[in-house]
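Naming follows writing order (A, B, C and D), and every chain is counted from residue 1.
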Amino acid sequence: MVGYAFMGAAHSQGWRTVGRVFELPLTPVMTAVCGRDADAVRAAAGRLGWTAAETDWREMIARDDIQLVDICTPGESHAEIAVAALDAGKHVLCEKPLANSVDEAEEMAAAARRARERGQSAMVGFNYRRTPALAFARRMVAEGRLGELRHVRVSYLQDWLVDPAFPLAWRLRREAAGSGALGDLGAHAVDIAQHLAGSPLAGVSAQTETFVTERPLPGEGAGGAVGPVTVDDAAIFNGRLTSGALASFEVSRVAAGRKNALRVELNGTLGSVEFDLERLNELHFHDHTDSAEESGFRRILVTESEHPYLEAWWPPGHGLGYEHTFVHQARDLLYAIATGTDPEPSFADGLQVQRVLAAVEESAAKHSAYIAVGGD
Amino acid sequence: MVGYAFMGAAHSQGWRTVGRVFELPLTPVMTAVCGRDADAVRAAAGRLGWTAAETDWREMIARDDIQLVDICTPGESHAEIAVAALDAGKHVLCEKPLANSVDEAEEMAAAARRARERGQSAMVGFNYRRTPALAFARRMVAEGRLGELRHVRVSYLQDWLVDPAFPLAWRLRREAAGSGALGDLGAHAVDIAQHLAGSPLAGVSAQTETFVTERPLPGEGAGGAVGPVTVDDAAIFNGRLTSGALASFEVSRVAAGRKNALRVELNGTLGSVEFDLERLNELHFHDHTDSAEESGFRRILVTESEHPYLEAWWPPGHGLGYEHTFVHQARDLLYAIATGTDPEPSFADGLQVQRVLAAVEESAAKHSAYIAVGGD
Amino acid sequence: MVGYAFMGAAHSQGWRTVGRVFELPLTPVMTAVCGRDADAVRAAAGRLGWTAAETDWREMIARDDIQLVDICTPGESHAEIAVAALDAGKHVLCEKPLANSVDEAEEMAAAARRARERGQSAMVGFNYRRTPALAFARRMVAEGRLGELRHVRVSYLQDWLVDPAFPLAWRLRREAAGSGALGDLGAHAVDIAQHLAGSPLAGVSAQTETFVTERPLPGEGAGGAVGPVTVDDAAIFNGRLTSGALASFEVSRVAAGRKNALRVELNGTLGSVEFDLERLNELHFHDHTDSAEESGFRRILVTESEHPYLEAWWPPGHGLGYEHTFVHQARDLLYAIATGTDPEPSFADGLQVQRVLAAVEESAAKHSAYIAVGGD
Amino acid sequence: MVGYAFMGAAHSQGWRTVGRVFELPLTPVMTAVCGRDADAVRAAAGRLGWTAAETDWREMIARDDIQLVDICTPGESHAEIAVAALDAGKHVLCEKPLANSVDEAEEMAAAARRARERGQSAMVGFNYRRTPALAFARRMVAEGRLGELRHVRVSYLQDWLVDPAFPLAWRLRREAAGSGALGDLGAHAVDIAQHLAGSPLAGVSAQTETFVTERPLPGEGAGGAVGPVTVDDAAIFNGRLTSGALASFEVSRVAAGRKNALRVELNGTLGSVEFDLERLNELHFHDHTDSAEESGFRRILVTESEHPYLEAWWPPGHGLGYEHTFVHQARDLLYAIATGTDPEPSFADGLQVQRVLAAVEESAAKHSAYIAVGGD
């Protein structure tokens, strides 16, 4: 694993736990974690459960006892590491967004295609697909329970940038993060919308905004040096799926009071579903074929053994948390590797999301003009 | 009052009740109701509490014992009746949307300006401003409780057109209704967004859609004659307020499971509010100055005597309903007439909403191009 | 109508509106309102819509042009007025609780039985039965949708007595109010539990408490004279229905943050329903025959034309308020009078509730001993 | 660890994860798991992460490399194992309820007292105290944020016994489980009520019920042999805390639609809190000192780093699940052992809960008579 901060800790929890809960075709061994600061990475290895600590990802990739590389670094280094790992014959799991640009993402997708021919797997870490409630929603759509979709509505709202004194961290600099709320939250929003609907966005019309344009440099106190914020605080965009459904998106890191509110609603001709990541064990489902008298959104606790991933966990009503999505992601990737099938979401899926994000930025730059999402 | 269908019944309830509940500067007398079908209008007069029944609105306007004309007809006749009534020296209350076109709305606003100089009042019926929870939200914004607004988010979702067998009623024909979900629901959404934020929309980028393009003619059974639907089923649009806040809108009559879901969320630098018309006695308020530990959206039951309009109603927790907005509207109009002040929302406000709707339609026709909202 | 305070205003709203909304077999005429203070009752008559103002209820009862007497006074005078009115040949609607003691309630029920033989109707004002959501819940139970009931759970919580400076109003003196939260809120709780379940309580085990034992006399400022609170602040009691279901009750006027929270839950072998008066347009229904995967409480907006009373009101999602229960109560009483059928809830039903309240008080006085509910 | 079923798996997850997330004074080593079936326990050891598998708990206790014994067996064997382990000088964690009878619990508490003098720790597994939201609620009560408590209201509802075809598992036989919903759910309910309020129950008045009195023997198909259910399906009881607050309890395994609904509400003179285990990341808090206008229950997402246990987990809004309570329990026990302080809840706390359960059963057997909770 490369990187050991927030995402690294979450992924480690996934790797440590997956074999304790699920029957697996392969047993993962947590060989080595890599980071630039030797002391810090050694401490992280001990704490997170990795046997070795490396400081050069190239050396880690060169190790023969490593078959899978898990990339948890900021977006700027994804492409280089992933392509190298794939070309070195490793399976790869890469955090989202796949890359900071469409060009990088295309290289990565091409590397993944080549690797696929050699039997390798490459997956991008859109972990929310593995929330049981959203996995169940996907199953309902695929089985036709919602009929033909009319509306897809996704917002992903947080509020940690409301405070103008929050420092200029790497996520606020374009060269490191690629974009702001758009790449961080919008990538999830776009992926989950397209995944649930089973249909890609044909095009978008967008607006982005940076409300706080300067922030204190990290480590500076009040009144200290400031630097420019070079990414968006928020983005709003609308579009159409190729299926014909209307799709609306709103992502923000300045929505006061919203902590991790990824909200999804799908309205179809036969029913609707609604989800909020802040209540991640619930899916609300309206069955439009119910009688008018008894019709209403049902609050389904997605904790039954019949629900996706739940056969391995606790009895009904004993909810899961955020980190379980990484356990499920690990499980699904191991099955894909073992069976030689394509994992989902693939690097091609990640590239497609990147193209949507690029279209959003282009539209925002062109006064909301409708921009078709590019393809091969 | 002209018209006695859904809106006529609701307005009548307002006029009948207002003097029983509020201290008033003027006592309304329900003189006459007007409609084209003599028998039907006579029956409606008896049922709704009007003394006389008229079949020609011109004759009704000519009566000396009428000082206020309340227009509850479909949008196509608003302009003609309202201008005539204003020119005849009457005060006017006109249902929303003010008109079916910007041109008509401009005529009406001009007539209202002339009438204002003669001391007459003209109000447009955006009754949701009179929901106590939204009136309270407006007060909070005006008093600075939310700080500077970043996001305004309004959706208004219904589902009565999901069924493709629903007949081709007047609300589905452009010549009668002007537009579909846009004029019906979008007019409310735009008005409430601008009213709460205290700032107009500078421009919009939009998409509209008609999913069901043909419907049975009224009175036809299954397999009978059909006609084209000439208005939108749904509209989604984004924009910016002149204050700089981002604003997103979604209106639909094909959102399965949503019955009358006018949802509003405002996020500011000091706090946020959230509202859903399906739970109209509640306002959810997040105070961003609370400690992190004790911070969260509060479910305020807007039923305390300190809340707008509530001094006249029941004890705390004894909720009001939809129709009470019309009682409050009647109250506010009577006060405006009595004190000779401008009522809110004025015909000028109604015209401005009409301009936003026209910009939405233009943007949708031009592939989502950003269209500035016109002005004088 | 006798009495014109909170309940008088609510009942007046019911009488004024019922004929405007519902088709009725009889047209109510609001002849006279009665109260002791001549000026005040005259003002109330004007405001609430009554033609005449009376100061002696005996004279009002003697009037030939009055066929129905509506009693909205404190409980201490219910028995005397109701018996006199019934014996004078009037139909009677009496606010709850029916009386302040079982003895009085028995006299009233006897008078109602005699009157019934003469074709008169007598109804007690348990208006929450007329909340559409609870009327619909009753229909579901009666139709077997919930199967055999296992649990009935009712709490009715308010908080206006949390503040120890709240004055010693009539509702806090035993001689006027009979009891405290028990008679005020518990009467509703017991009635709705028995009504929904279709089965009476066989017996109860109870505890009551007065947390604030002295309060300022009305009109006294801080530091002024105080008097003893002679009724309960709260009561908790459990019991069994004769059907075998377990029933639990909690009523309080010192539950901080709860304004008018009458909450009801029924669990049966085939399903459950849940209701909260603070969200009175909603009924939550769990259908236990749904698949485990798609099972959950549905939030039914009880605003469809198929729902009880709703055929006369607004389109789906346009909610009603507290006062509408009085319109429905008036409607149902007028139908009962017109058709000569027994109205529900009858004085016999009111007497039975009174017996439950007496059993609760006896149990509380006897250290929670189980007390069977008395009968004829 | 003794036992490796549901609770064993949950405890194992706690032991595996605690050192990866929290800074610890001691490093737990998962030495051995014990069970009667050699093959099954060996498989469990491998899956759950224990080094050795034992089939005789006496031998396991005799091992010198084991300092802490974690008991996850059914209640019938708790006393024997715990007393032996304590007397052998081990620290002990014992699942709830502490025992199947007061006598056993007294022996265990005595053994724990003796062990305490030798520096050993003994803790009972009321894991819900370690839900961050409830730990935070406890902190609020302790700091006086709610003032003086008036009401404590706890219900714990599940529905897995609604189906009469559910087999006669060990939890339905008195000799194995001690009691039914009472010991299983009621033990949690009583512990959390007393813990949050910081005051024990003085006495109770109760009713219990077994609705389904015969069930199929395990392994029998439809129409096969049945056996008698010897424990309760549900229990309802009321009581008073020694502090004077009223307390009401309801526990059931036949509440259709409720999966794991441990609901808690505390009403005090300065505020109230409300919690539902089905939404375990939320605490609803009403601050009664807020202005009437802005007052309401706040939905606090208990996921901030300031909240109990949260400093070690994810960013705000990234919720935890059920199993995290076991991680926290492990953490707190290790700190108690390291610092030589008494862990909470102690065996004495467990004994006190057992006495309440015994009082409930006695009251139910004596027609709801009030039974004081026994003491030393």
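Just so we're on the same page, a residue touches a chain if its C-beta (ideal position, glycine included) is under 8 Å from a C-beta of that chain, and two chains touch if they have at least 3 such contacts.
Worth saying up front: this structure is predicted, and the values here are computed from it rather than measured.
Engineer: If we look at chain B and chain C, which chains touch each of them?
Structural biologist: Chains touching both chain B and chain C: A, D.
Engineer: Weigh A-D against A-C on C-beta contact pairs and write down the one with more.
Structural biologist: Between A-D and A-C, the larger count of C-beta pairs in contact belongs to A-D.
Engineer: If you average the Cα atoms of chain C and of chain D to get two centres, how far apart are those centres in Å?
Structural biologist: 40
Engineer: Using mean CA coordinates as chain centres, what's the gap between chain A and chain D in Å?
Structural biologist: A distance of 36 Å separates the two centres.
Engineer: Just the number, please: Cα centre separation of chain A and chain C in whole Å.
Structural biologist: Each chain's C-alpha centroid was found; their separation is 54 Å.
Engineer: Which residues belonging to chain A are in contact with no fewer than two other chains?
Structural biologist: In chain A, residues 258, 295-297, 301, 316 touch at least two other chains, as defined above.
Engineer: So in the complex, which bits of chain D are touching chain A?
Structural biologist: Those in contact with chain A are residues 6, 10, 12-13, 16-17, 19-20, 47-49, 158, 160, 258-261, 277-282, 301, 303, 314-324.
Engineer: Given the complex with chain A, which residues does chain C contribute to the contact?
Structural biologist: Touching chain A from chain C are residues 136, 284-285, 287, 290-301, 304-307, 316.
Engineer: Going by the contact rule set out above, which residues of chain A touch chain B in the complex?
Structural biologist: 150-151, 153, 155, 157, 159, 162, 205-207, 209, 211, 233-234, 236-240, 244, 246, 248, 250, 252, 254-258, 267-272, 286, 288, 295-297, 367-370
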